[in-house]
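Next, two complexes with chain A in common: one pairs it with chain B, the other with chain C.
For the complex of A and B:
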């Protein structure tokens, strides 16, 4: 009996129904009745033919969007992580910007580590990018000797557990054409090989400051927090590719808020999920309520071509079939001229074109047509 | 050595600037130097500025010596007895006026009890932190500052007696309230500004309750009986001006009933109100598109056209017509001469405005709203003593706005009208709420201002006590009569063939892009098409080349300028705006081809 409902009701619902019916020991007649009701209920939630889903989605985001500009949620210095939220973030997601204005990650940890704050903190410290600048007090240029003397901040080094050997090694790796050594006073001295002018030494000094010592490149801040009974590390800056290589990181759940990074590391399906997740997060943060199906719809639209495309004139809109629809969005001249050059044809199948021509739009009451056989001679 | 400037001009140097300015100030206070003189010592640039030029804004402050105000108990007593007045205090050097620059060298206290040894001056009163109109808000210190801003803003929009000689004035668009009253609950500023001479509101009875849902979202309900007794009735005046201008060549305008053969003659109906002199008579009823001042002007470009046209020397019509959609009566006609000696005619139109649904009202606390319903007096709720409120205000307008002053005004207004006295509601200095409550109790009412009310329709007693009292209410200048706008058909734009814009021109209301989206979202496709049919046109299309064909209706001939008449030419219906788009595309050398197919295939 249940078999006959497969295809009519989603499998997930059927599975759940089977579970419940076993628990409650439903009779065959009861089962039949429930399934019938279930099917009816499910059908009532389906979108009707001719429903303007696109515009309803747009309005569903547009209306709360206007409210978001009015009450921007301020953290006012409470949070250590200052992540873009609200309307700017929503625009960023739907425009599919290559660079998120505040890239960040949620790093989940493998089992023993996610229960212990000390271990999580330790790992967080290891992930955080450490640059030479943070481990030193001063960068001095010795003009006479033509070298740079780095006085080290022993306290910071002790706190982070970094030995000066590591620093010398990384300096040696980064600057091949220099001599790096330890001075008598415990400072590090770096001297370019051969004859150099002062300007070059100065340039070198600026580069030396930014030498990467330890951690994951790009991750500038870490913050372990408790989330649903486990410790999660939130970060500023993101480097998904390197982070999931780490042993202690649960790579099945760790994500970045940069959709393009997710797409390149995990693929387009993950990127779609990421769009949904990020958009939902923004809307829920603001205390607003938008049906998830609207978000799913936009995410599908953005990712259906296999690469992430934003809702912009160069992204999703450029895929529209109709010349007039594209021209009415942005840069009309470009679209009209290009259409003329290639002799494009507009079949007037969608909404905007028909509004321009003052014809009924093929939606709602304008969708059904008259089906009748016409006599050929009658015109 | 510091430089000394007098009225921005260098006059010399001085050795000890501090002593110098102190001496000047002392001499001024004694009356040996002009009271208008202000002095500033700028320590950064080491310069002394003396100034008694005109045009500086100055404000009065009480002098402070050794941390004590010079207005002592004795002086306060003298003031009370009327022995000394403001000017006396200024003369005696107790109050002095400072300009912006001298304030830089002063330390001014707002409160007397926060005075220290360093203070040089004390404010005259705490109310000075408020502006002129904000100081007119009673119990202002009980309200939130944004509400005060709105309260003072609405007071400026209130109708009242703006000028006592309004009958002889020709102000553009003026309004006069019919029975203006001075507020019962007033502030110190009402006396200062002679508010009694130009009041802008009425004391009415207001109840805080809902009534059939017609006062939702800031709308208000008013009593029809009150309206009939003249509550918030006002008159709107608008003058129309016409002048007999003189042109070169000795030609002049003429104010007269235009002849039928002039250029641009309207119709006899339009001129029916004009008397022989070409001007309407006072008390003439104006119902619509009528001419009030008939005028003809000499033809433009005289001489040039004479050779080509026989009709060229015909005069033009240039009468003053009543503004679109306005009605009223002719209030006054004035015929005079202007500075150039031209005949000048001014006709003032008057229109009585009785409160109607949609007119805007406000209290003085930034609580504004429009009339949602006018209820017959018999249906209004009433108290056990038979008092019927003039206005029903929604209690939902209060919690989020926190305008406590609004409530206090209702309470004290009730006391004022019962005890027959004015209540002082000056900000920071108002009568004490506790005392007011006691007084209300002694007058035989519940001290919180609530009363038992009865349903006006059924006569049933309301289960809760309802807050009812007196309050000063203002009618604002935004009235529906000035805003009501609808159109069925009318003038269209030449270029797009779409309706013109603007209420005054009888234009349409635009159904914009977002409104269109709304129609689409509801799937009201055919309704949307109908809405946009305002510029629909029938065009003929050559099916051969896909461009517009020509239809010659005289010879009953259709042809395509390119393919000739031997082609299929089909009528199509489109928006004219799209035809324009096609034309523009053609102008940019793009060939837009329309291909037709049967809708049923």
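For the complex of A and C:
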């Protein structure tokens, strides 16, 4: 009996119905009646053909948008992470900005390790990128000998468990045309090959400071926290591709908030899911309630061409068929001139162009005129 | 690296449809392949499952409104 209703009402409703009918011990006749009522109710909630769902979606985001946080808050404190929230973040998501203003990651750990705070802390320390600047007290330029002397911060090195061999190796790998060696006093000396002027040595010094020693490049801060009975590492900065290669990291759940990064590692479908996840997070964080269907709709629109496109003039709007519709959004002259040059035609099939020309729009009751074809020559 | 991405929680199941199945889907929705959403040949998932240009990919998404929902994309080379 229930099988016959599959496809008529969504599986989620059927599942819920089965659960409730079992709890309440419904008889067969009662079940039948409930299902019938359910189907009728569900049908009455379906969107009518010709309904302008895009406008409803835009309004559904527009109104809560007025109530959102308008600025990025900065929290004082050492280990607290600043993440863009509210309207700026929502705009960032829907405009599909290439770089998130505060890239961050949620790193999950594999099963037995996710309960162990020590393991989580240890992994967090290993993931955080360490640059030479953090391991040294001073960078001195010796003008007479023409080299840079780096005095090391032994305490930081011991805390992070980094030996000076590792530092010398990474310096050697980064600066091929120099001689790197250890001085008698335990400092590291780096000297450019051949004759050099002071300006070059000064430039080299600045580059040497930023030498990457250990960790995952791009991850500037880590914060292990407890979330739903397991330890999760939140980060500032993201590098999804490298992090999921690590041993203890659960690569099936770890995620970055940069949608383009997700798209390049996991493909367009995961990027769509990521748009939904991020938009939902923003809205729920602000204590607002927007139906998930609106979010799904925008996410589908943004990802339908195979790459993530923002709701901007260079994104989804540029894909519109009609010249007038494109011109009415932003930079009208550019669109009109380009269309004239390539001899484009406008078939006036959609809404905006018909509004411009003061004609009925193909929406709601204006739509059927386009769909139904009258029989000709009926005798 | 290649196979582990398929298990990610954000990634729905992708499968390549055979010619007959693809034909059936196009007929059911009364569309041509050109009108369907696209997926790039360079897409990491397409590389792993080894689809060719012009293939129809069935994507079984987990939907928050109806448990599962099928979606179709055509592989394009761009």
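Rule of thumb we're sticking to: the second predicted complex is superposed on the first by the 332 of 379 C-alpha atoms of A that agree within 3 Å, B and C clash if a C-alpha of one lies under 4 Å from a C-alpha of the other, contacts with A are read in each partner's own complex, and residues count from 1 in each chain.
Throughout what follows, contacts are C-beta pairs under 8 Å (C-beta built on N, C-alpha and C of every residue); 3 or more make two chains touch, one makes a residue touch a chain.
Bear in mind the structure is a predicted one, so any value in this text is a computation, not a measurement.
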item	value
Joint occupancy of chain A by chain B and chain C, clash or fit	fit
Touched partner set for A:10, first chain B, second chain C, both or neither	second
Which of chain B and chain C A:319 touches, first, second, both or neither	neither
First, second, both or neither for A:56, with chain B first and chain C second	first
First, second, both or neither for A:359, with chain B first and chain C second	first
First (chain B), second (chain C), both or neither touched by A:43	neither
Which of chain B and chain C A:24 touches, first, second, both or neither	neither
Minimum distance between Cα atoms of chain B and chain C in the superposition (Å)	21
For the chain B and chain A complex, residues of the former touching the latter	516-518, 520-529, 532-533, 535-536, 573-575, 577-578, 581, 585, 588, 590-591, 595, 598-601
Chain A - residues contacting chain B, complex	50-52, 55-56, 58-59, 336-337, 340, 345, 351, 355-367, 369-370, 372, 374
Residues of chain A defined as touching chain C within the complex	10-12, 15, 244-245, 251-253, 255, 262, 264-270, 273-274, 277, 292-293, 296, 300, 303-307
In the complex with chain A, residue positions of chain C that touch it	1, 4-5, 7-12, 14, 37-40, 43-46, 59, 61, 63-68, 73, 76, 78
